[in-house]
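Each structure below is given as structure tokens.
Next come two complexes, and both contain subunit A; in the first it sits with subunit B, in the second with subunit C.
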Partner chain A sequence: MTVESSRRLPVLLLSLVGGVLLVALLAAVMIGPVDLRPSAVFLEIFDHLPLVDVDSGLDARQAAIVWELRLPRAVLGALVGATLAVAGAAYQGVFRNPLADPYLLGVAAGAGLGATIAIVAVGSGSVLVPIAAFVGAVLAVVATYGLGSAGGGRRTGTTLILAGVAVAAFLTAAQTFVQQRHAETIREVYAWILGRLGTTGWGDVALMAPYAAISIVVIVLHRRLLDVLAVGEDEARTLGVRPERVRTAVVIAATLGTAGAVAASGLIGFVGIVVPHTIRLLVGSSYRAIVPMTVLGGAAFLVLADLVARTALSPSEIPIGVVTAFVGGPFFVVILRTSRRGAQ
Partner chain B sequence: MIETQGVVVRYNGRAAVDGVTLSVAPGEWVGLIGPNGAGKSSLLGAISGTVTHDGVVRIAGRPATELGRRAAARAIAVVPQNPVLPEDMDVIDYVLLGRTPHLGYLAAETDADVAVTEAALWDLGIIHLADRPLGSLSGGERQRCVLARALAQEAPVLLLDEPTSALDIGHRQQVLDLVADLRRTRSLAVLAAMHDLTLAAQYADRLALMIDGRITIEGAAGEVLTESTIAAFSGARVSVIKGPDGQIVVVPKRR
Partner chain C sequence: MRKLVGLTLALTLLVAACGDDDQMVSSSTPPDAGPFPVTVRGTEIPDLPQRIVSLSATHTEVLYEIGSGPEIIGTDVFSDYPAAANEMEKIDAFNLSVEAVAALDPDLVILSFDPGDAVSGLAALGIPAVLFAAPGPPTLEDVYSEWRDLGTATGHNDEVAALIEQVSSDIAAILAQKPETVRAFTYFLELDSTLFTAGTGTLLDSVFGLLGLQNIADPADGPFPQLSPEYVIGADPDFVFLADTVCCGESAVTVAVRPGWNQMTAVINGDVIELDDSVASRWGPRLVDLVLTISKEVYGVG
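After this line comes the complex of A and B, so read on.
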């Protein structure tokens, strides 16, 4: 009897995905146009740990490439990937809809409009950009929620998705309008929208970290309650849970995380769908296992995607959103096919 | 164990439950019978606190409104008419959900919770299904999972809403036998809405007939299930006869 194993976290798989994330981070730091010895990179990072002082043998320029360019970018990718993926899993859980993701509900479009207005008004470097993105994201969720329950009908998964599509279309139109009216910032806005991971040192990481931390921590803590919601609102109530309270907390956390991710890295698509569903095929449908796996898996996925984005056509870069869809789509199909075959 | 006093449930002004006063003692099984739309499910919902209602529901002597949501869920376990069974969820994970009212808002399950859950699986004879997804089970096995979840809740009151309507006769009997055993071993107060009058007569200690939101007759099966009352509430033509061991059997008659 293996009852124990299904309740506990899938420790083996978690360490496996954690290992993949570590390898991805190391690869992201080592691979690039400037060749650096892996051992030297190791020592250089090691040197930055508190109380550690070793000589990596890298000169100042090489050390800066490791410490100011590659490492912050990899860490940002991990934070954004983890956040988008776990937000996707959270939305799928609270809305009980496998198609829910941060973008389908209009959250990212709202964040996009907010960020575009901020870029047009005060420039892309301003701290107002993530704040505006967050406000836009929250307004989008509120609008989707309101529309989804308008008309006195029940707020089913389908009406919510439809409402999200409408809200996203409207906000994207508004965003395009603002963008076209301000030709002087169109390049900044475009670069932002296509999704990119910043190369401006630790600033973006510092910007993103609190959003990522709050949303990941809150969603991880709610993972058992996401399972309770899986039996529907009425039954959740008979189990002593207030579904509205869980949904509000999780939606706020996921919205906050998505807003931060979009503000820091633009609209990187597909992560919130492909990662949770791949994880689901590996560990089953319990969010007790899905949520922590998705955090690590999303981080690893985006770090690897960014590695492809900047090396595949080196020296030019492919927008990372293109890579996530281009690589993630077929990968997802393969996973889906093999797992279906395995189940039969 | 549970008492209701003048419970009223209104939907858009219409009273689906219209002043029901009923009590179920520990270890007692009360069968709630009546036609479709008589308000049986609404009454069960009012008792479990998921349907807004007027009147008083007392759980172990205390008004339910004084208990919090979680405390009420520790006292009353519900087996709904159409439970939501997430297809890919493993049986053990599903039954563990029954421990929810015993856990703090963000707490994780402990080994003790798993032990209770495994005991429930064991009692219902589905321990071997623990790691199977719900979607792969038969109707009877699923019904046992729902019962196991209710048992894992360790509540002294069990509300059942047509627990066997989706099952064939053999599985119906199995499930009702299980409930009967559990009620005896755990002294559960059972209130069950039941469609099949013959089975209701066999398993319940007492029957309460509900029509148009009111309880019209309450008592032993022999008092409640007469040909005239059944004809009056259901428009059905039936013969009520005594079975070989003295039990009441309701037989439909063709015109």
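After this line comes the complex of A and C, so read on.
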């Protein structure tokens, strides 16, 4: 991609990625371990629209597979993927660190500790597990923020990242300790940590939707300020932008979104790194273009990853976190090589 | 209680440390003990064991059943049956400390999980340890062969032979009552709420198979696959067996509210059967209880 194309709003690319997302969603509801006629699946979803009454020809059980399993799972995948990807892009922007991911400030470790305590105390099926994960994630970031300014100095990006490393290490140790004291729940904790989309159907979607909305809207609104921050904190200040305020707003939004995502689906890694960087290689370094593209690209990526997770070893499932890393890693390398070659 | 155990332990160690070992060993050798040393699963056991540490719930149950109870001095945290297995020093088998085991001064250690190679560590201290490795025996015959190994290791060969005789005839009697059915019933066995199940090559699969039941997990790879939710619903098994009632609080009520499950035949017909996790996941003498429960629930006989 050339430099000129990154200056324009990449409408063409945006609609292309939007199209990929649409195709991914359609594939996700039409393909699965149970063979259903694609046209019948389509009619079944159509039938649920207001004022529409058509007979899809599916029996009650097949209809439930479409409406209560596949569709909410695809929607949840899109929400979680979009949120994790845009949170990753946001963190990379405010911390000016290409390795920043949504779990940077201790979200994963805090959520892991919260979920482990809940699984140990009340069992893996409890509604308290996502709540505890959410609370743990938010508390971890609050602790990171507190620690980041404990030195008395200004809370810079670097001090926050270092504080995040310390908080994550501490909470991971605590999580491991709790888990080892309750070996009987190891499999459930492990399954949760590997991440999984939707076993409670629309319930998870309802849980996730508000957090996805908040984080996506706030980060999209801040996309121009992220461009200003990218120049440097002092430079941003001379332009009348207060870096700390922008950073706090964006981090709060990204943290809420990430906490919602881990509460709904466990720890799904790699989305927040691979998607923003792939988009960056396609559209250049301007967050004005990266942020909206990342929302759509992240959604499409996770929906497709889940499709692989459900169908590759059908009727068994592969943990989705394994798919995102296993497919995303090599894919990322290919993108990187192609774009290098294109640039030469 | 714990303090008392600790005190007893300290005294025992003190005696062991200053006395000569022959005085410790009781002379009540069972008549069927056979000649020692014996070699079991690659481990040589020099003398008839008097102080056994069992770090495997299944094998603890078998040891008590074949009369090794008096010799057991320590068990792991999962060994909760029979009740006597709880009244002693507890060892964390998942984070096994060779030193903690050695402190009990055992002359035989039984394990079923050994990622840190405690068997070698114990051997270096002169403590024989026998590992019955995961994922466990795939058929009843393999179960009996594990039991025989336990009998050989502990000198209870006759009791083991009697136990196998009893269990196999009990199971045969239950199977004999199984009525003819037009077709084989299908089932889904749930190990946890993320739909891990026991598939081909597991004892559970073969026990259900003996009862004429067809596992919906058969097409899946590996002994313990994690099934896709829509596959379970689409396969629409005649019966759902829950082996996660104790660990995870699942029940006929909790599975009925999962998305799509209210459309499953087993849920509609009330054929969701709650099993005791530990009976379903171990292969001790209570296997008979498992076979009996399945037979009663599916065929109404047993």
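Please note the rule applied: the second predicted complex is superposed on the first by the 297 of 344 C-alpha atoms of A that agree within 3 Å, B and C clash if a C-alpha of one lies under 4 Å from a C-alpha of the other, contacts with A are read in each partner's own complex, and residues count from 1 in each chain.
Definition applied: contacts are C-beta pairs under 8 Å (C-beta built on N, C-alpha and C of every residue); 3 or more make two chains touch, one makes a residue touch a chain.
As the structure is a prediction and not an experimental result, all values here were calculated from the model.
> In the overlaid three-chain picture, which partner chain does A:242 touch, first (subunit B) or second (subunit C), both, or neither?
Once the two structures are laid over each other on A, A:242 reaches subunit B alone.
> With both complexes overlaid on chain A, does A:159 touch subunit B (first), subunit C (second), both or neither?
neither
> If we overlay the two complexes on their shared chain A, which of subunit B and subunit C does A:149 touch? Say first, second, both or neither.
neither
> After superposition on the shared chain, which partner residues are touched by A:234: those of subunit B (first), subunit C (second), both, or neither?
A:234 contacts subunit B only, not subunit C.
> What is the contact status of A:65 with respect to subunit B (first) and subunit C (second): first, second, both, or neither?
Once the two structures are laid over each other on A, A:65 reaches subunit C alone.
> Should A:176 be classified as contacting the first partner (subunit B), the second (subunit C), both, or neither?
Neither: A:176 stays clear of subunit B and subunit C.
> Please report the subunit A residues shared by its interface with subunit B and its interface with subunit C.
The answer is that subunit A has no such residue.
> Which bits of subunit B are touching subunit A when the two form their complex?
48-50, 68-74, 76-78, 80, 83-90, 92-94, 96-98, 100-101, 103, 105-109, 114, 118, 121, 127-128, 130-131, 133, 153
> Hey, which residues of subunit A end up touching subunit B in the complex?
It is residues 1-7, 221-222, 224-225, 227-228, 230-232, 234-235, 237-242, 280, 284-286, 288 of subunit A that touch subunit B.
> Sort out for me which residues of subunit A touch subunit C in the complex.
32-34, 60-65, 68-70, 72, 122-126, 180, 183-188, 191, 196, 199-202, 310, 313-317
> Considering only the defined contacts, which subunit C positions touch subunit A in the complex?
Going through subunit C, the ones touching subunit A are 77-78, 92-95, 192-196, 217, 219-222, 225-231, 233-236, 247-250, 254, 258-260, 262-264.
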